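I have placed the structure first, in the form of structure tokens, so that the comments after it can refer back to it.
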Amino acid sequence: MTETLLFVGDLLTSQYTYLLVAILLVVGLYIVVASSNLVKKVIGLNLFQTAIFLFFISAAYVQGGQSPILPSEGAGEGLYASPLPQVLVLTAIVVGVALTAVGLALIVRIYSEYGTLDEETLREVRADE
Amino acid sequence: MSDRQPNGEAPGESDRPESAYVESQVIMSTVRVIAPFSLTYGFFLLFHGADSPGGSFQGGAIIGATVLMIAFAFGIESTRNWLRNRTVVVLAAGGAAMFALVGLIPMAYGANFLEHPFYHEQFGIKTKWGLEAIEVLGVAPIVAGVVSGLFFVIAAGSLPATEEVSEDD
Amino acid sequence: MSELLPALLIVLPIIGATLPLGVGLLRENVGWSIAALVLSVEAGLTAWLATAVYGGEGATRIVHVLGGETFGRRGATENFVVGIELVADAFSGLMVLLVAGVALGVLAFARRGGPRGNAFYSGYLLLTGGLMGLFLTGDLFNLFVFLEIVGLTTYGLVASDRDAESAVAALKYLVIGTTGASLYLLGVGYLFLRTGALNMVDVSRSLAGEPEWIDGALYGDSLVLAAFGFIAVGLMTKAAIYPLHTWQPDAYAAAPDAVTVYISALVSTGGAYAFARVTWTVFTPEFFAVGQNARILELVIVLACLSVVLGSGLAAMQRRLKRLFAYSSVSQFGLIVIGVCVAVHPAGGTQATRLAVYGVVIHLLGHGLIKGGLFATVGALAHGTGARRVREYAGLAKRRPFLSGSMAVLGLAIVGVPPTIGFLGKWYLAVGALNTRLWPVIFVVFASTLLTLLYVARLLEKLYFDGPAEGAAPAAEPEPEGPGAPGGADGAMMTDGAGSLSYGMIALAVSAAVLTVLLGFAGSALTAAAEPIAQAVIEAAPEVSAGG
Amino acid sequence: MVEHVVDSWRPLAAVLISTVAIALIVASHRRPNVREAWSVIASVGKFAIVASMLPGVLDGTEYRWSLGMVPGLDGEFVAGAEFALRADPLGMLFALLASFLWIFTAFYSAGYMRGLDEPNQTRFFASFAASLSAAIGIAFAENLVTIFVFYELLSVATYPLVAHDETDEARAAGRKYLAYTFFGGGFLVLAGTALVFVLTDTTTFGATAADLAEADPALARAAFGLLAAGFGVKAGLMPLHSWLPDAMVAPTPVSGLLHAVAVVKSGAFGVARVVLEVFEPDLVGELGVGLALAAVAAFTLTAASIIALRADRLKRRLAFSTVSQLSYIVLGLGLAGPAAVAGSGTKTVIIGGLLHIPAHAFMKLTLFFCAGFIHVETHTDYISEMDGIGKRMPLTMAAFAVAAAGMAGIPLVAGFVSKWFLLIGAVEANQAIFAVVLLISGVLNIAYFWPIVYGAFFESHDDADGKPLVEFPLGGRASGGASAGEPKAVADGGAADDAHDDDAAATDEHQEGGHHDTADHEHAGHAVHSDDQHEDHDHHGGPPPGGWERAGWTGAEGSWLMLGPILAIVAGAVVLGVVPYQAMFLELIEVITEGVVG
């Protein structure tokens, strides 16, 4: 019983970001699944992706590390946060932006054709066509 | 930069009756003030990406955002007339072509793709400039072009769907 | 010189993608010719790469490190790669050939039938570049980026014709596809957290506990287990395995015919290839031999078996052809995933692994070819006679003998009638499964012949033995439900569809059928090509070349 | 006799000659005469090639062709199995039979097709040629994988023939045919082949028995069960036989050559390969599966004969007779196991089983051709309408009588010789029970053939005595008011078919008159007594009002294009019965049994 307490304590004190990641993941996925409004689905998708970015960034955190940029002169010394996850997140953000853009473009096309953003009414409109 | 009347009264050459798009004075005046500064900030981020936080993606995004800001303030149509579809496409396509070009030149000489140290040995150009070329000529135009291009397409989306530019990410 | 090829194969289409947009400003409808030019050069490069890979005895592994030596393997960093490594080995060599061939073939189809416009062809070239990258990359995160590029351009292409039906399908595909890819990214994040490396070969060496800062193999580590779970779910969404397949029928049915041919042959194949590559090269059979890990594998096998059975069942119930073959893809990819899992299952010996690897490689290649050919035939028939539903196929054989003939040959190939490549794939999967003595899986693999027969026989009977008298003559007037019908896509196609059957379409369909039968006899060549992969999986020593 | 293998292209030529003919047939679809000529030339050519290999095979040389002989290919079709054809004695037996009988069938089907001017004749002849090339491929296959390749191709090639008429009934029969054959081939045989390959790493005939003996007996039995059941589907073993009677909806040349000779014999031939060369009799006896196979065959034997008694439609009765006669072959092969265990009688039992392949082929083909000829000339399909037909078609009915006698095992016709060996072999292998079963089935054969022959010659249409087994429902209750003697064939207006009470199969109603209505498919619960679907097409069966007019014995009864093959084949049956040794087949079978039992 004690080491679970320790684990939870440690989780809440130093690894709270991973907890936040888990929450954001679930919330994002829930929005994607549960919301019937198409735009909200895309928002949920964004939330889901942001959780993953947070996961990578919290993995890159180094206690007391500077930002991983070489000063123009002299070799950078001292501790610095690991650059690789940050670069990955940068690319992942670009991907996320692109996905959101395409999703919204499709939603605009759907709206201009069917006049609704709600999934249920959309299904009815398409069903009886 | 745009010599037209600020309230978006585009001259009659656009065939559709121009919806009198009048943005409130506050927004138009603030945008008129902020726009130049945000544009220069974008370029600052772009050029100083090598040794301070920032870089081509953020710089390009801010430049694109500035264009969007102007469009919100002065009407999408007028901004579209000012920023021809041609320039948006050239920005996006040209950026991608430049990125690939910079990457391919070393390959022409047998080195690997995007091998910047090669420039140093071959032409004496410091590897830094290879990176800068990628940043300034490649990624930033792509991002700026795509952000503003896509905005105009989506804005036009509510009208009969015109040519949809799938962004080159 | 040949190690530059992998990078060139990816960059060329991406540059090509910018040309239609650029040139498009000057002249209209120049997209097709640019695409044809770029893709023929691409096919040349692919052939050169294939000879480089399969030229010597046994496949040589061509490695290209992006960014040159500064990012390559160096003694200082435990021989780990810092940058992205593009790898053309026995497995990706074959798949790249498939991509180049299908890309050119679909162009022949799209000449008359497909969507026009420069944006379409720039998306088409971008998709080809993304697929090349997907098959050639040796880096887990890079695989995610290429998965997303392929996904993005596929959403764009699915929605590329002018009606809202395809926009809804594309959006559905986007939401499900992105969730899948993000889960895969999460899995890669877990692996990166635990092993500190992203290159597939380095991750598998770290998992095996090779570097000294990792004490003992990490196969029992909970992070690694979670990573496999996320990666498996993510990639099964991309390969449309049963519970996660719902996007595929809508996307295939709503997309224009040329796009359906392309994505049915390659995009899901990419997902399944990625699953096979990660399971074999990164997790290797050792991972599944430890403790309860085989249970995860059995869960994946159960899903795949469900996918085979229900895919065929759903396919047999469909009335529209494109949905029918979309569900058939779900079932066939179930078979492939079964093969992947059987190859690494602890119950099977080296013989099971070797045969299952052959089965997966050949069925991936064969299914891509057959399914592309089937959709080309369906598209050609739709353009020629306007028939898109099974009942409208009554008595078509007499009016379109060549297309019906190729439909028959390809249908029988997917069932697994012998002299075709479909039979080869199914034979090796079946014998591989038999070696593991997992009887329920064996039953499903053998029963898949009958299950596939359910919908193929129905089609053949309609084509050949159902007189046109009863079937509504579909040719002249569009479907009775009026143009705005849910078959909106067909409605749009219908008007310009009837009569615009080009020789390119017939040539594509017939050549796919002929190639399927010819490859049926090339069994030994295919297994020789797949032998190095099997060897690598058996020795669980990834084919790392000692040098940089 | 020394057995050495010669590499030669002839086996491949034998298979491919009719594939080439397909292209020519399709090319000349506008000129029927040329098209029929191609079929005949292909059949004669195929027989010539096969016969050219016969002398070599008789004195031990075997002609082998493999994919490896094609320059550039290394022959390995699938890991561990070559795509190879080998003309060994067993293969020669089946190939010789199929190609020889195809010659007559080519003529006969030309006459049949023109007699009824059927639609889609080009597709008919093309798929006919395709199924023959697949049959010869099965005969010459050298390993289980190659035989599976051709086994599947045979299913695919014969499907268009079954569904030829494009009526609902034909489509249903086609669907059933595909389901059964693909279940048998695609599922069972493939599973059996894969299991044998896993157990022994090779599938070549003759090379697998040693390893199978060491393999775990449960898996070996499973492999035998899968293969025997897989091939048993096409050999019409009882639980899997019901596609055969339904396939009778196909044109008669198809029912004749394919469903009496090529397709069903390929199933029996497959069982022979499995018993004699994959498992070899000693292992079959050891595993005890031989007895099981023989038991299934014995059951099929009797049950099919009993069902045949009740079938009123001639082709349906012949179909059930085929199901039962095929089980003679499977019985003979099954008994090889117990005989090997008992140490005596293996050779005679195998000779009996294998000889019945050609014997039954000749006889059954005659019977089917007679049925087809009657249908073409007088459009009668029902036995109750065939009383007194001997006057109208004397030669045909004479041939029918001779062949029927042979089927029952009466001496001087082929059937007797093979049944003789089977009886002796069964007793020698001290399995006397099976000899008794054979005798009973001989009696049953007479029971269902003699009424036809007797009715044809010794009765005229109006005073023919009733046929109790066919007309009265089992359980003896006479159906409402129909007096026993007077058959219902009213010439003019059609009697409305009364409501079929569902428990008993009521007297078969004959819809007369010109109106075309497909009989309602009466789905009687018990499949065994399913009533005949009387397909009335658009012309009525039965004799013309004044009874059959007399046609002399000189062959004025119909076109010689059909009568010729009938007489030739029945002559062959008699020759096979009178001088079996000179007629090649028995000599060939001796060579086979030498090779197997040694």
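Each chain gets a letter, A, B, C and D, in the order it is written, and its residues are counted from 1.
Following the convention adopted for this analysis, a residue touches a chain if its C-beta (ideal position, glycine included) is under 8 Å from a C-beta of that chain, and two chains touch if they have at least 3 such contacts.
The model shown is predicted, which means the values in this text are computed figures rather than measured ones.
Shared contact partners of subunit A and subunit D comprise C.
If each chain is reduced to the average of its C-alpha atoms, the one that sits nearest the average of all protein C-alpha atoms is C. Between the CA-based centres of subunit C and subunit D the separation comes to 45 Å, rounded to the whole angstrom.
In terms of their C-alpha centroids, the spacing between subunit A and subunit C amounts to 28 Å. Chain centres here are Cα averages; for subunit B and subunit D they lie 79 Å apart. Subunit A and subunit B have Cα centroids separated by 25 Å.
Contacts with at least two other chains are made by residues 161, 164, 166, 169 of subunit B. Multi-chain contact residues of subunit A (touching two or more other chains) are listed as 95, 98, 102, 109, 112. Each of residues 152, 156 in subunit C touches at least two other chains. Which chains touch which is summed up as A-B, A-C, B-C, C-D. Per the touch definition, subunit B reaches subunit A in the complex via residues 51-53, 57, 146, 150, 153-154, 157-158, 160-161, 164, 166-167, 169. Of all residues in subunit C, those touching subunit A in their complex are 141, 144-145, 148, 152, 155-156, 159, 163-165, 167-168, 170-171, 174-175, 178-179, 182, 185-186, 189, 192-193, 198, 484-486, 488.
Residues 67, 69-72, 90, 94-95, 98, 101-102, 104-105, 108-109, 111-112 of subunit A touch subunit B in their complex. In the complex of the two chains, the subunit A residues touching subunit C come out as 25, 29, 32, 38, 41-42, 45, 48-49, 52, 55-56, 59, 84-85, 88, 91-92, 95, 98-99, 102-103, 106-107, 109-110, 112-114, 122, 126-127, 129. Residue ranges on subunit D touching subunit C, taken from their complex, read 67, 73-79, 83, 123, 145, 148-149, 152-153, 156, 159-160, 163, 166, 170-171, 174-175, 178-179, 182-183, 186-187, 190-191, 194-195, 197-198.
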